[in-house]
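Chain IDs A, B, C, D, E, F, G and H follow the sequence of writing; residue 1 opens each chain.
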Amino acid sequence: MGSDSDLSIMQDAADILQDLGVAYELTVVSAHRTPLRMIEYAQKAKARGLKVIIAGAGGAAHLPGMVASITSLPVIGVPVKSSNSIDGWDSVLSILQMPNGVPVATVALNAAKNAGILAAQIIGTANETVGNKVAAYKEDLEKEVLVKVSNLKAKGHPNTFD
Amino acid sequence: MGSDSDLSIMQDAADILQDLGVAYELTVVSAHRTPLRMIEYAQKAKARGLKVIIAGAGGAAHLPGMVASITSLPVIGVPVKSSNSIDGWDSVLSILQMPNGVPVATVALNAAKNAGILAAQIIGTANETVGNKVAAYKEDLEKEVLVKVSNLKAKGHPNTFD
Amino acid sequence: MGSDSDLSIMQDAADILQDLGVAYELTVVSAHRTPLRMIEYAQKAKARGLKVIIAGAGGAAHLPGMVASITSLPVIGVPVKSSNSIDGWDSVLSILQMPNGVPVATVALNAAKNAGILAAQIIGTANETVGNKVAAYKEDLEKEVLVKVSNLKAKGHPNTFD
Amino acid sequence: MGSDSDLSIMQDAADILQDLGVAYELTVVSAHRTPLRMIEYAQKAKARGLKVIIAGAGGAAHLPGMVASITSLPVIGVPVKSSNSIDGWDSVLSILQMPNGVPVATVALNAAKNAGILAAQIIGTANETVGNKVAAYKEDLEKEVLVKVSNLKAKGHPNTFD
Amino acid sequence: MGSDSDLSIMQDAADILQDLGVAYELTVVSAHRTPLRMIEYAQKAKARGLKVIIAGAGGAAHLPGMVASITSLPVIGVPVKSSNSIDGWDSVLSILQMPNGVPVATVALNAAKNAGILAAQIIGTANETVGNKVAAYKEDLEKEVLVKVSNLKAKGHPNTFD
Amino acid sequence: MGSDSDLSIMQDAADILQDLGVAYELTVVSAHRTPLRMIEYAQKAKARGLKVIIAGAGGAAHLPGMVASITSLPVIGVPVKSSNSIDGWDSVLSILQMPNGVPVATVALNAAKNAGILAAQIIGTANETVGNKVAAYKEDLEKEVLVKVSNLKAKGHPNTFD
Amino acid sequence: MGSDSDLSIMQDAADILQDLGVAYELTVVSAHRTPLRMIEYAQKAKARGLKVIIAGAGGAAHLPGMVASITSLPVIGVPVKSSNSIDGWDSVLSILQMPNGVPVATVALNAAKNAGILAAQIIGTANETVGNKVAAYKEDLEKEVLVKVSNLKAKGHPNTFD
Amino acid sequence: MGSDSDLSIMQDAADILQDLGVAYELTVVSAHRTPLRMIEYAQKAKARGLKVIIAGAGGAAHLPGMVASITSLPVIGVPVKSSNSIDGWDSVLSILQMPNGVPVATVALNAAKNAGILAAQIIGTANETVGNKVAAYKEDLEKEVLVKVSNLKAKGHPNTFD
């Protein structure tokens, strides 16, 4: 992440990776305050054995795109709605609108959890254990909704479908 | 893709996948006109051996998100700027802003080429041949720029750096 | 509705339908978490005797459009301003900008009450009792304003019109 | 429609209503240039036997909402992207964002065809013939896509799904 | 104003008109809830001796434009940022983007005070007393700034200009 | 106007003023290129007998607001969509969003004709001849629509209202 | 700055200039309330020995552009998100979108601190002491990030890079 | 500039620098395709004697901000409206919304000419010859407007001010 002020958002990525059985590391790499550290981080990522990089940043958010310009690993970008952001549009567009040749896999505003799931899906394309955990996770999502359906009915809301 | 009117955009994904040595298929699956076909496509994708799905659509673009709701494979979304689009904002936001649990890896407006590269990067996390082709592709991008630098200098633009 | 977190908004639709004498049911059907349930719901709706479907959802809101892709009943969409929404633009555009062939009758952001009234107007095109209740409701709206006019005048605000 | 300059857009609504077997009338009623005509049109609509009103307008588009303020019939609004429009945002927001009590069933920018289909769906809730035509129309949409799928395959695009 | 919920904003117009010696009246006229009252109000305005009409409304704000469609008096529109507004854009565009032939003199979001000043400026084009009060008001604005300049300097902020 | 490149737009204001019998002058006063000329123009406007000032400008359009800061006459602002404008948003917001104390009567994007009509309405509050011409102009608008209604009917479009 | 209500934002510029050893003055100059004071301030700035002017303002923010129209010194503009601003877009576009010939060096919304750093960078192009302080400041930024990296690791977040 | 496709825009900066007597160099440095070249360019800029860097780029435009993260020289950013840009918003926000500590002096969309003038103003703070040329340039801007004023009058447009 670009700043430790993004931790409250980015922690969600770490938590879901933990749940899905994917090893991860979490640190601060600032495109604007530590550009050389960022370069080194991206250059060494593949050799260090990383498979996917999740980069979250706010405002004029250059971290995801710059990391993607250096490494050939897939990079997932999380637009963070920071304090002086213009409603989040700045981070969304700074991360999403990359030029031809250098994609960033962008997820929704503040959606670090989805970045973690996407990373697990990528790992899961070759790692069957992780792939199965993602599939099981999706089934749990469905079950949670069905519990809510029952709860609503129990509270007396009319419903003839279920 | 959601409509054959998106073909002129989405062909770029097919072309770059060809270049990077990744087998692909290309067809029309419309979330709104053939919802059951879409469901079946997404349900069978993993068992048929697909590793990544690229879904491109315009306007209220539901195809990428709906496919992602069914399969546990990674889904890449390409917002297409269709004819009655409101400047592309509709397709960008319809694809990007997915709820927690169901990510779509969104690329830039009309950036089907980047979707193809991202798919190759994902395949390349486990397939060394593809991974190396992506790395080589990135080096070519750099060389192309250096040729342009020389051309500019040759045309007489002052430049003391190179 | 797409999530029980939308209940505080969507309850307004239930309440006004109750007031206007229109029977309704209320449940959770998530396009992204329970896609097959959504398909089944939309497929059976007409045969179960539903006349109109109101679907409310936030963010990349695919529920209204997907339901409309399956059923031939009129579908009313309520864009909900959810927590990580980009000012509501995402849900508005995801619901409104449907392609040719698959309309969604979209109402204002968070306007579940208006969705209920619109449903009653649709029922009322063939059901005289409901049609008259809607007409009476509109007259009440007018009377409420006239009371406010009197109150303002009573508080001393100058007004020579009434 | 609010102006005869909207005819090229609004003709689509007339054409699809014709196809779906719904009788219609088409005229110009300007909220801003003929306000009294608009009032009279809306006041007499129900007694004249109209079931649904489709109102299309551009810019600060007040016609749909004003008609809805007078009649208790359902009103469908078509935002038209007129020449000095700010990218269509003005007509979309002027039609969509109606206050509580006075809904307008808004369709996508320039989507007069969808307005016609939605009107037929509304008529079809009580008129089985029209309801069946709408259902058949949706099946045709699906078949058209399947033809395109075959065409793409015939042109040599790889596709192992169909 | 279109609703008494706009009173906290629109009171500013009344107060400044009072200060500038311009007689006014203040009432609720809703385009959407009392359309016939609105028509009558606008039709009689000139004959009742009104010179300028200030109309404030939020959301899909049709009041200013509809009043302007009926009367030939100048109409000033105040976009009000109401509760379910999309950041005020809806009221701004609904009031501002009037078609050729029917202008509305639009002021800034929530700027009822400026609407009052503008009304006084209009009255002041023919009424010297009011015109002079407006001119004096502008001089007071200047003096207030100069006091602030002194205050800042007194608090120790460096300033070599004054 | 701020630049002679705005002439094709601003000529509409001159033409309608001519039609409505209001004397006018037309010149270029640039806030950014001739700031002192702008100051002098605004300072002398009232004494020279001007009643209303129409100021049109594009991009970061400061002319209307700056003129309004100096004169106590009413100032009408016309946002012009210039070549490098960001869809006209820049000129609209630069003219509309004036602070308390200094209103600009803003009309729609490129709506110089409406600026002319508004100026005539302001003159017409005290000048009966001009006031009557504006009223007659509005009646003509209505008649033009009725001609279009007849034309549409003559072309065979069904219409049982007229 | 255009108003003393901007002081809480603009103080950041003063503070960082102090830290970087650049003498400054701070006062209120309102484009709209004290236009002649603004003209005089800009006209005398160069002769008084100023090197750079930082101008912060909100809403329809004309101060930076107007000052830049008069002086030939570089002008830095700070868009301030004021109370009735439309999400800050008005001040950003009013300051940024200056016509050819009259640039304003615009910084991010509310980014007065960056305006101060930019002013110091400009001074530093010819003043080695200031230039070195800016360079040292940037090194401090980097060190602060490295401390945060250590802190994160100390708290147990996994990280194999450092 | 980030790409040679930006040359048609960025040439304006070179031309005006030539006119104002400021030596310059012009080359392509891509943040995303040649990140290491960009780093080296920014690291060596000050030692090579550069005083100001102008960086133009489109889409997710990271070049200006990344250069500014490395050098302590002032960096001017030119947002370029590239082909798949979302109306230019992406490049504007990617360049403007830099975090605290790392300013970019942003000019208007496509305003390379203004970037050149701003660079000359910065050089001119210490170089009297350049400073005087900028001042003379501004006087020429004024004279050009006055010629246009005369031309308009000569064509018969009424104007009693000049």
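By our rule, a contact is a pair of C-beta atoms (placed from the backbone, for glycine too) under 8 Å apart; a residue touches a chain by one contact, two chains touch by 3 or more.
This one's a predicted model, so the numbers in the text were calculated from it and none came from an experiment.
> Match interface F-G to one of D-E, E-G or A-C, accepting only the pair for which over half of the contact pairs are the same residue numbers.
Most of the F-G contacts reappear at D-E.
> Between G-H and F-H, which chain pair is linked by the larger number of C-beta contacts?
So, comparing the two chain pairs, more contacts are at G-H.
> Taking the mean of the CA coordinates per chain, how far is subunit B from subunit G in Å?
So the centroids are 40 Å from each other.
> Provide the C-alpha centroid distance between subunit A and subunit G, rounded to the nearest whole angstrom.
33
> Averaging over Cα atoms per chain, report the distance between subunit C and subunit H in Å.
50
> Going through subunit E residue by residue, note those that touch at least 2 other chains and give them in order.
As it turns out, subunit E has residues touching two or more other chains at 3, 33, 59-60, 84, 86-87, 89, 92, 96-99, 101-102, 104, 108-109, 111, 141.
> Give the list of subunit D residues in touch with subunit C in this complex.
51-52, 72-74, 76, 92, 96-109, 111, 113-115, 117-118, 121-127, 131, 134-135, 137-138, 141
> Please output the residues of subunit D touching subunit E within their complex, sorted ascending.
Residues 3, 31-33, 35-36, 39, 58-60, 62, 65-66, 68-70, 82, 84-86, 89-90, 93-99, 101-102, 104 of subunit D touch subunit E in their complex.
> Applying the document's contact rule, which stretches of subunit A touch subunit G when the two form their complex?
Per the stated touch rule, the residues are 3-4, 7, 14, 23-28, 30, 33-34, 37, 41, 44, 48, 59-60, 84, 86-87.
> Spell out the part of subunit H that touches subunit F in their complex, as residue ranges.
81, 87-89, 92, 108-111, 141-142, 144-146, 148-149, 151-153, 157-162
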